[in-house]
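Down below are the structures I want you to see.
Common to both upcoming complexes is subunit A, partnered first by subunit B, then by subunit C.
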Partner chain A sequence: MKRSFDRRQVLTWGAGVAAIAALGIPGGPAHAKNDVEEVIAKFTGGKTPTTGKVKLDLPEIAENGNTVPMTVAVESPMTTESYVSDVLVVTDGNPRAGVAVFHFSPASGVAEANTRIRLATSQNIIAVAKMNDGSFFTATKAVKVTIGGCGG
Partner chain B sequence: MSVKPRIKLDKKEAKKGELVEVKALVQHIMESGQRKDRDGKTIPRKILNKFTCTVNGKEVFSADFEPAVSANPYIQFKFKAQESGPVVLTWVDDDGTKIVGEDNITVI
Partner chain C sequence: MLSRRDFLQVAAATAAFVPGGWSQAFAQQRLTQAELLRFEATGNVTLLHIADLHGQLRPLLFREPAINIGVGDAKGLVPHISGRVLLDHYRIAPGSPSAYALSSEDFAALAKSYGRLGGLDRIATIVKAVRAERGDRVLLLDGGDTWQNSYTSLITKGQDMVDCLALLKPDAMTGHWEFTLGAERVKELIEKLGFKFLAQNIRDTEWNEPAFEAMSTFDRGGVRIAVIGQAFPYTPIANPRWMIPNWSFGIREDELRANVTKARNGGADLVVLLSHNGFDVDRKLASRVSGIDVILTAHTHDALPEAVKVGKTLLIASGCHGKFVSRLDLDIRDRQVKGYRFKLIPVFSDIIPADAEMAATVSRIRAPHEAMLGETIGKTESLLYRRGNFNGTLDDIICDALLSERDAEIALSPGFRWGTSLLPGQGITREDIYNATAITYPATYRMTMSGARLKEILEDVADNLFNPDPYYQQGGDMVRVGGMSYTIDVDKPIGSRLSDLMVTRTGKPLEPARDYLVTGWASVNEGTEGPPVWDVVMRHIEKKRVVTASPTSRIRVLQK
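Let's turn to the complex of A and B:
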């Protein structure tokens, strides 16, 4: 039986795959197309949040942008001395940046919430947590969307 | 239109200080106000913009929703069991109407 493809062909494919990976996977730099920066600045009062403590859980690839499960959790003892008061969730690729704000208190026991969100296109989701001492923490997660979720 | 939200607590009875997980689903169109109808007119926005959960009258969790929350919004969160009483979940629509659902927790 004759081999169906030769060495040269395989090498070409390899280069192609590598090029796609290089272009696609990092998600590209996030330059804001909507009001994401203003929304975050309003929430933090102009402070720059520190990366960490926040865990944002979304699928890497969402087949249907109409309903993408999202979990946000923030590390905190959740006592009256030290707790997470608010968590802002925004996106940089939807027509409007805002998604939701969760309000916690020591009575919540744990700063964790899950909901389903709409994503118009592949983009970054950003969570910003506000602690009771006035500090801010953040996490970002890129999601690729196959079918956008804003109708139209 | 009266909508009955579906609410599920992961336990009916909890020890004091134990975490109780709440899952809730409510039927709602969550119209974003971004879409246009066949004549090119914008379909007016209609979303549930506020969610609150109280246990025995005390607020344990709340959330503000934007149009980017999916239709038939689902919400999952936890609270720390402190005292027995009704667990009341309230969603507020853009037009001010409220959708209310209730369950109970017993602290042992």
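Let's turn to the complex of A and C:
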């Protein structure tokens, strides 16, 4: 007999499907841009951050888009002369770009933070670190939020 | 079992109907156990590797793929060559035993000459022979996908495989399909295993602490060997996460680097990664993580007759279903690999005798089910096989069964790479169907889905297969479709690989906004309802009596 199912219940073959459907974005990461550029520009005061020093650790493919473990670490001696003051984490595919801002001081010892983030669809996660001398460094990592696991 | 004399007679008789010029090659075949096992021993360590048995205890037919596309840096490289190209690459004579074991070329004809491969009792004979020759230098490692995907492994929840493997006395294993038994059962089996289950890349979801032992060290032939386990990184995505809710996987390169360093600092002379990553993932990993001497690869079922070298790392690919046992002899001095010799030993079941102890155990396990499993439910007119990037003739039969038994417009069947092959004219037994479908989440769902959603799913699976970065690939093959056709350009990015999606029943294009009745199986979602897929497929074959599937695919493939 014919049955229709809630999308959440059936054949999602993985995480994040409901979210993709809700956004009405067919075909994965070919998504519309959100406010990511504005948020970064506001954080850097319009400066373009340099690639490097920042390390983003996220899985290549998320097991569950609703709670993706993320670690961001920045190379720095963390002394009063040279330290990381703030780290911005944003995404380019969620409805809103902002994820978190972490604040550090020389007393932090290391500039590293980890948390879990929600990803609506496959997208890039971008971290921007602000140093005490006013320079900015950045790293990007693409994470796939897949629907079609058939591996085997 | 055929005697050698019988075998040679069959081989000679077969020569008459294989393509011209090969008959002599056939006549010249003089396969013996001694020749299959012949190996000029070298060095102080012998690694034996088996992987991807998928619950198979007995010898079987398994046709290798005719199409196995590589993308990105892997394009055109082994294991992404097949058929005649593969034979030429390795200078293997068409029609030879190696050609039969390693390629899809003339499979049906050669199968009649060379018979079945594998069987854990034959593997036991090989392992014992190598141990007898090499004594305390031998390390036997199981790359995983061992405990599931046959009838007996399904109903005993992996106990049959654990009991039989125990007789082989492996030193360590890692896993993938093992986890589809659920976390509790996995823990229960590991507790009584008697050897190590290693997985450096599994953490508990709560505290991100290691959930399994990462590595184990062994002293063999005066060499300290560190074996690091790497389970299939995408298990909770490709298989049901709800069965292992507290375990998180992933490639975890940084943790691996730390474990390699720990192994070296701990005095290891030789570092081996027992991996279920899949070949392309391991090839990339070898180029990025230094200090690993050998990666024993698995998951993607590639059988390579030579080691592949990436930097200083040797990659070994040992095939699947017990068709092969890999032997790698290593000369380890000054904590370095000074030399090696490798052989992918094909387990020709008509040549290699069964080990009595293992054969008795396999028979005892199968005895209560033997009559049911051996029951013929129909016949195939054409060669049925699984492997291929986009379709397999056995999958076509499964899709036909789903469409007719579940009265749907479109059928989806997972691109699993396991399952045995059937020759034209062969009777189909219940066991043949279980061999292609035995999983712990077999419900056949039936639902409506829009054309846009269908395309989205196909695009997503295609990217899991053809993403140019191996770290974003999950292995397996493209989801099989029944009731529709499409064109795929593998070089395009996600969302734009598929075009010309057509519905077979109407002959019209798939409409994005229309709802279609879709049926399929192996949904990773908890609570999926429907009859088990093997019942659906068996019912269909019993009704039809005779089935056939054209080797011509409905899928058009484009690649530069």
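Keep this in mind: the second predicted complex is superposed on the first by the 114 of 152 C-alpha atoms of A that agree within 3 Å, B and C clash if a C-alpha of one lies under 4 Å from a C-alpha of the other, contacts with A are read in each partner's own complex, and residues count from 1 in each chain.
One rule holds for everything that comes next: a residue touches a chain if its C-beta (ideal position, glycine included) is under 8 Å from a C-beta of that chain, and two chains touch if they have at least 3 such contacts.
In this text the structure is predicted, and so the values were computed from the model without any measurement.
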item: Subunit B versus subunit C as contact partner of A:Ser105, first or second or both or neither; value: first
item: First, second, both or neither for A:Pro95, with subunit B first and subunit C second; value: first
item: Which superposed partner A:Arg118 touches (first subunit B, second subunit C, both, neither); value: first
item: Which superposed partner A:Ile61 touches (first subunit B, second subunit C, both, neither); value: second
item: First, second, both or neither for A:Thr146, with subunit B first and subunit C second; value: second
item: Subunit B versus subunit C as contact partner of A:Gly52, first or second or both or neither; value: neither
item: Subunit B versus subunit C as contact partner of A:Gly134, first or second or both or neither; value: neither
item: Subunit B versus subunit C as contact partner of A:Pro77, first or second or both or neither; value: neither
item: Overlapping contact positions on subunit A, where the subunit C interface meets the subunit B interface; value: 149-152
item: Touching residues (chain side subunit C, partner subunit A) in the complex; value: 176-177, 208, 232, 234, 236-239, 241, 248-251, 254, 299, 414-418, 445-449, 452-453, 455-461, 463-464, 467, 469, 471-472, 474-479, 493-496, 517-518, 520, 522-525, 527-529
item: Subunit A to subunit C touching residues, read off their complex; value: 2-5, 9-15, 20-21, 26-30, 57, 59-64, 69, 122, 142, 144, 146-152
item: Partner subunit A, residues of subunit B touching it in the complex; value: 19, 32, 34-36, 55, 58-71, 73-80, 82
item: Contact set on subunit A toward subunit B in their complex; value: 66-68, 71, 78, 91, 94-96, 98-110, 112-119, 149-152
